[in-house]
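Here come two complexes built around chain A, the first alongside chain B, the second alongside chain C.
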Partner chain A sequence: MKLAVNRRQLLKGIMGAGGAVAGGLVCSVAAEEHPAYPVASPDAVGMLYDNTKCTGCRACMTACSEANGLPAETLCPIDPAISTGLWDVPADLDSKTKNIIKLYREKDGDNFSFVKRQCMHCLDPACVTGCPFGALKKNTWGAVTWNSSFCIGCRYCEVACPFDVPKFQWDQWNPKIVKCELCFDQRLKNNQEPACTAVCPTRAVIFGNRNHLLAEAKQRIADTPGKYFEGRVYGEHEAGGTQVLYLSGVAFDKIGLPKLGNTSLGHYATKVSSVIYKWLSGPIVVAGILGSVIKRNWKRHEAEAVEAEKETGLPEQL
Partner chain B sequence: MNANGTAGSTLVNHWQRGVPVYREAVVETPFLFFSAWAAVGLALALVRVLSPLGPFSGMNDAYAWGIWKTFNVMTLTALGSGPLAIGMAAWVFNCRKLHVVMRTALVSGFLFYAAGLVALGGDVGRPWNFWHVIFPWNWNTHSAMLEVAVCMPLYCAMFLGFENLPMLLERIYYTGNGRVKTNLRRWAPTLKRIYPYMITGAYVLPVMHQSSLGALLLLAGNKIDPLWQSPALPLLYLLAAFVCGSGFVTFVLLIACLRYSRRLDIGLLSELGNVISVSCFVFLAVRFADLIVRQQLGRAFVFDNMSVLLLLETGLILIPAIALRNPKTRETPRQLLLTAISACLGGMVFRYVPTTVAFSPANRAMYFPSTPELLISIGYISLVLAVFGIAVKYFAVLPGELSEWNQMSKVFSERYRKLRTNKDTSWLASLLTR
Partner chain C sequence: MLGILSNSAKSLESIDDRLMQCGVSRRAFLQFCSSLMVAAPFGLAITDKKTPEEVGAGIGKVIRPPVVWLHFQDCTGCTETLLRPSHPDLSDLILNVISLEYHETLMAGSGKQAEQSLRDAVTKYHGKYVCVVEGSIPTRDNGVYMKLAGRPAMEVLQDVGGKAAAIIAIGSCAAWGGIPSADPAPTGAVGVADLLPSKAIINLPGCPPNPYTLLGVVLQFAADGTLPELDHERRPKFAYDRDIHEHCPRRPHFDAGRFVKQFGDQGHREGWCLYEMGCKGPDTHAGCSTRHFNEIPDVWPIGIGAPCIGCTEKSIAFRMPMFQVVQIHTRATPPEAYAPIVAPQGKTSLIAAGLAGVGAGALIGAGWVASRKFSNKADDDRVPGIEEDKPEHDASQSEIGK
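Moving on to the complex of A and B:
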């Protein structure tokens, strides 16, 4: 019996089906986009930190370490003299510190200010965009969380984060990425607010819906004109917007909040590639063009190779 | 000879086919030298497998990527892009002379890629989670890192592996017995049938991941100096791969032929010089068009550290671009060698600088590779050189004349005759005699 399809047709069919499956997969994963100016989802939660209210008591740091089971950082890289091994003296966010209160003091003058640093929970986080297997993801309520079973430890999140937040356990053989997750597993899931906001005695940092917090911050600015730097909320637009918002009495860059553009980094990084790689169309088109040219040149090359073999008695070398 | 005897045919060259290096002993001083460095590097790499990254490397949270990623992968795979640069020139742009130097490009390219991948394996903190790569539903398709993680091993193992296969099979054919020969002859047509499709893939994939290496830096945003941070980085990284790839193949050919006293094919080398020059011009055109569009051109000439680096990189690429337009330069081996080195260095400076030197996280931190980190990095490079030195002796890699091939086969058949009279026909014996 003669087969209805010859081998070439069968091969083409298999390749076509494979391509369709691959294409389908690519489409299904590539559902979400990276708009230049992302909009917070209505249920996005966050924190508002107002450093004019902060007394620097560091209760939030203790509460954070306790809630997250973090060990004390007893080695202070800035001042070895205070590294007595007794107290928690981190100099900055590190693999044992997800939340820190830092002090900024003007070089000449009495002005000073505290600043609380932790993950900003961006609306379109660069770390999530870069994470190859989705270990970091934008979870429920917009919390940016880390899943150990998908992380390969490439540290692209550290390179990408404009706020230098994710930290890597350099001293561990099976290292984790350590960053504030808004106490997602520890508290948020159980309808509790994050540990830091829960303990703040002056309510310098408060927890809530991002839209409500933004309204509250703008209300404070309106109520006390001239009190807050630039009369604006840091995080409303920075890097496409963050779910942690700041009000500050001193310049943002002085307390370590970097000057950033308003577009999301994810948008900047993927605006061209998302078009080229849509349904793998770019690579397929390039393959088609190259393939047809190569096929033509290949035929000519083979013809010449046959000639040369006749002449020298040696087969061609590919 | 071609029917009408025109120059520029695929096979009629001074250099006509790859010929194993057969006069020299397998173990030579440079081989021992590089093997020693490779051994030190690999031993330390093994220690790293058992040790956390922290005490071992100079990396920190601000400079989370050290030289294993930024130099061994992001910079050196540009040197390993010879198969892309020369392959596209030969198969797509029809520079048919260049076919004979493809094997030099393929072996060196494969080795640089393989070493880069090994470096990457030792650099990541949780390699045991890498198995997710085989399940596309675990992919974050927005991530340039994913593109690199999928594309690079696939290209190295499947496409570069396939392209290097004929060379391997050829050796097995010539050293094998009757049954091996029959089997190989039976499979040869299949191999040739899929060959054009495979080389198409072998050009599409590196175009994708070489540009993705540049795309990795986009997310770093304004941590990278605006002289480098640009939406054109992916394209520039790809073009730099062409500059480095063509330059490095030329460099390797010249050095290896000098070392093993092969006669040079000036016509072909001149063609390679042409490829370098064109690659350099295209790179510079895009580089400066980008600087002008982003209004950074003025900053390029303020002569601060960053501007000097940019000018250094530009100079290193501009010299070969212009000098190699002159046929005399292209045809003078010494000048060709120097300009090829210049192109390689220029491309490497461009690829390396934005990852480390022009990368300044807000946190005032420092990074300098630790001694073991450096030794491992040097070890991987030495491994490439040592293996390359062996490969050219066992396989028909370096190009030579037909007479060279005939002489080689005479020497070898003499050795085999002696072996057969000693009744030793094992593959190992043939390996020892080459």
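Moving on to the complex of A and C:
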């Protein structure tokens, strides 16, 4: 009995076929999971922040830190005068701050505006797509949560996020990713709204079903024409839609909300993956190049071995 | 008034009866009740009502609790503060609301007469009276540093305190030693709880404490025999649950970063925050910032421009230097410092770039030198097994070994 393939070749074939099937499946699933314009699920919750109502009291910052057990950031890198160790003075979202109130001041003029920054809880988040081990996850009600058990600390999420939200604990020996999780474990699970919306005295930030919040925001725009910038809601379509929505009296880019397209960022990532991994073409090409190099070198080595055997009379050692 | 006082030991009547008998007006009593409600808005069973009338109705039915007041190593400041409130006439109300059986400062009798009244009260109300202790108890050299009618203070406390239904240690001295226990503590002064650890003891630390706190505790105990909820230092929570800093009238100055730098400076004159002068407010649990003394607004240390010394905290007052700054535990944000929209990033300095360049250059140079050294070495062309000398030598050695 004679078989045309040996054991090694058979295994190779099985691996290749399996890989191709798996790759094809991943591609098709990924494309289904990441449509260009995702639709919010009916139970998606979120927040609506209206900066015309915000007084900058920062009760939300304190409530957030207490709910999440975060220490005070007493060192302000941009103003040493207030870094006395007395106050909580973060300069931006950082590993001790999941939620921050920032101030926009017009250069010439008296106009100013506050803005609350935290995770936007995108409908199709780039951080989740970018996370190689699934540590970041789009959880129940659409909250984007982080699981320490799967995190390898690669910080791809930090790079992927267009809102600069996930932060890395550089000062820890076992660092974590710190980001707003909509108080998922702390409060949402216990049927409580997030700490920041619960404490807001002017209801500048409110919690609710995303669809209801969107309707509320549009109602406010309709009730007071000209009050809100461009008469639109930031987060309705940006980056494929976010679950945290913004109404602003000043331009969105002035208060630090980036100008983004309407295509979901997860969808972009899928496009890249589906080109490189289409029918496993990328890995096959790479493996082919590597294989040809190895084959060339192997032939040369065999020729050398034969020569050496002739000279020394001893068999090849490798 | 003295007649009323001497009669009080004879029979126990309800507070209403007593007030009627002494001619205290209904209005004055209701004012007292509302003061009590202000002092203890929640956490005290007797003031847990909506109106002063309801509180008054509850307190009116209470049988006046007999109180025996012991003075040990003290300055009588706690007694003084109890007599100081002027509106309504609290000194009268204390004597009418509680049945004061023995109090060295207030009682008319003296000498053997006074001793007799103490013995009578302890015997008559055995296990029923409230013992209030003011001052610390000396323990060194068998407690000889303070004697009462020939008995050391320790013995008096064991006797009178042991027979009481509950002991209220008023003032920091009675609570855990206070000033007499400050280093070097020559008399070995300790608080009541150190000597009678198993008794029902309520500590009302303070130098002095607020008199309404005492009245509230005594009245609740008289009303239903219960004591208010206590914290880990046996202080009633209704009066000691929050720290001074939380409700301090000068808190806005703290938040805004306006601190007194020196006594008498401009900031001190304008009533700025005393934190940098060693104010212990952020670490001190007491109601002083909302319940001022003598019923006059702003009559309390911080109100008159003196930093809090932390008299209600065991580990602070008389233990820690008065002007030492304490650690802040509460979270505060200064109103004038907001984060900018875009946090400025650090810039690369020329020196750092130069140093990095030098480092990289050194590595490249070292690599080049090393590669040259390697290439100069002749390749080792020897084939294992060809060498004849060594293996044979080894073999012969092993032969010899055998």
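Criterion: the second predicted complex is superposed on the first by the 240 of 318 C-alpha atoms of A that agree within 3 Å, B and C clash if a C-alpha of one lies under 4 Å from a C-alpha of the other, contacts with A are read in each partner's own complex, and residues count from 1 in each chain.
Note that in this section contacts are C-beta pairs under 8 Å (C-beta built on N, C-alpha and C of every residue); 3 or more make two chains touch, one makes a residue touch a chain.
All values reported here derive from a predicted model rather than from experimental measurement.
When the shared chain is aligned, chain C comes close enough to touch A:76, but chain B does not. When the two structures are aligned on the shared chain, A:256 is found in touch with chain B and with chain C. Contact with neither chain B nor chain C is seen for A:216 once the two complexes are overlaid on the shared chain. When the two structures are aligned on the shared chain, A:168 is found in touch with chain B, with no touch to chain C.
Of the two partner chains placed by superposition, chain B and chain C are both touched by A:92. Of the two partner chains, neither chain B nor chain C is touched by A:181. Within the superposed three-chain model, A:103 lies in touch with chain C and out of touch with chain B [touch as defined at top].
Shared-chain residue A:314: touches chain B and chain C both. Of the two partner chains, chain B is the only one touched by A:298; chain C is not. In the three-chain superposition model, chain A touches both chain B and chain C at residues 92, 256, 308, 312, 314. Within the complex formed with chain A, the residues of chain B that make contact are 1-3, 9-12, 16-18, 50-55, 59-62, 64-65, 88, 91-92, 94, 96, 99-100, 102-103, 123-127, 129-130, 132-133, 136-147, 149, 163, 166-167, 170, 192, 195-197, 199-201, 203-204, 207-208, 212, 215-216, 218-223, 231, 234, 361-363, 396, 402, 405. Residues 56, 58, 61-62, 65-66, 72, 76-79, 82, 84-92, 100-104, 114-115, 254-256, 308, 312, 314 of chain A touch chain C in their complex. In the complex of the two chains, the chain C residues touching chain A come out as 254-255, 257, 275, 328, 331-334, 337-344, 346, 383, 385-386. Residues 22, 25-26, 28-30, 32, 34, 92, 94-95, 126, 128-135, 149-156, 158-160, 162, 164, 167-175, 239, 256, 258, 260-261, 265-266, 268-274, 277, 283, 286-287, 290-291, 293-295, 297-298, 300-302, 304-305, 307-308, 311-312, 314, 316-318 of chain A are the ones touching chain B in the complex.
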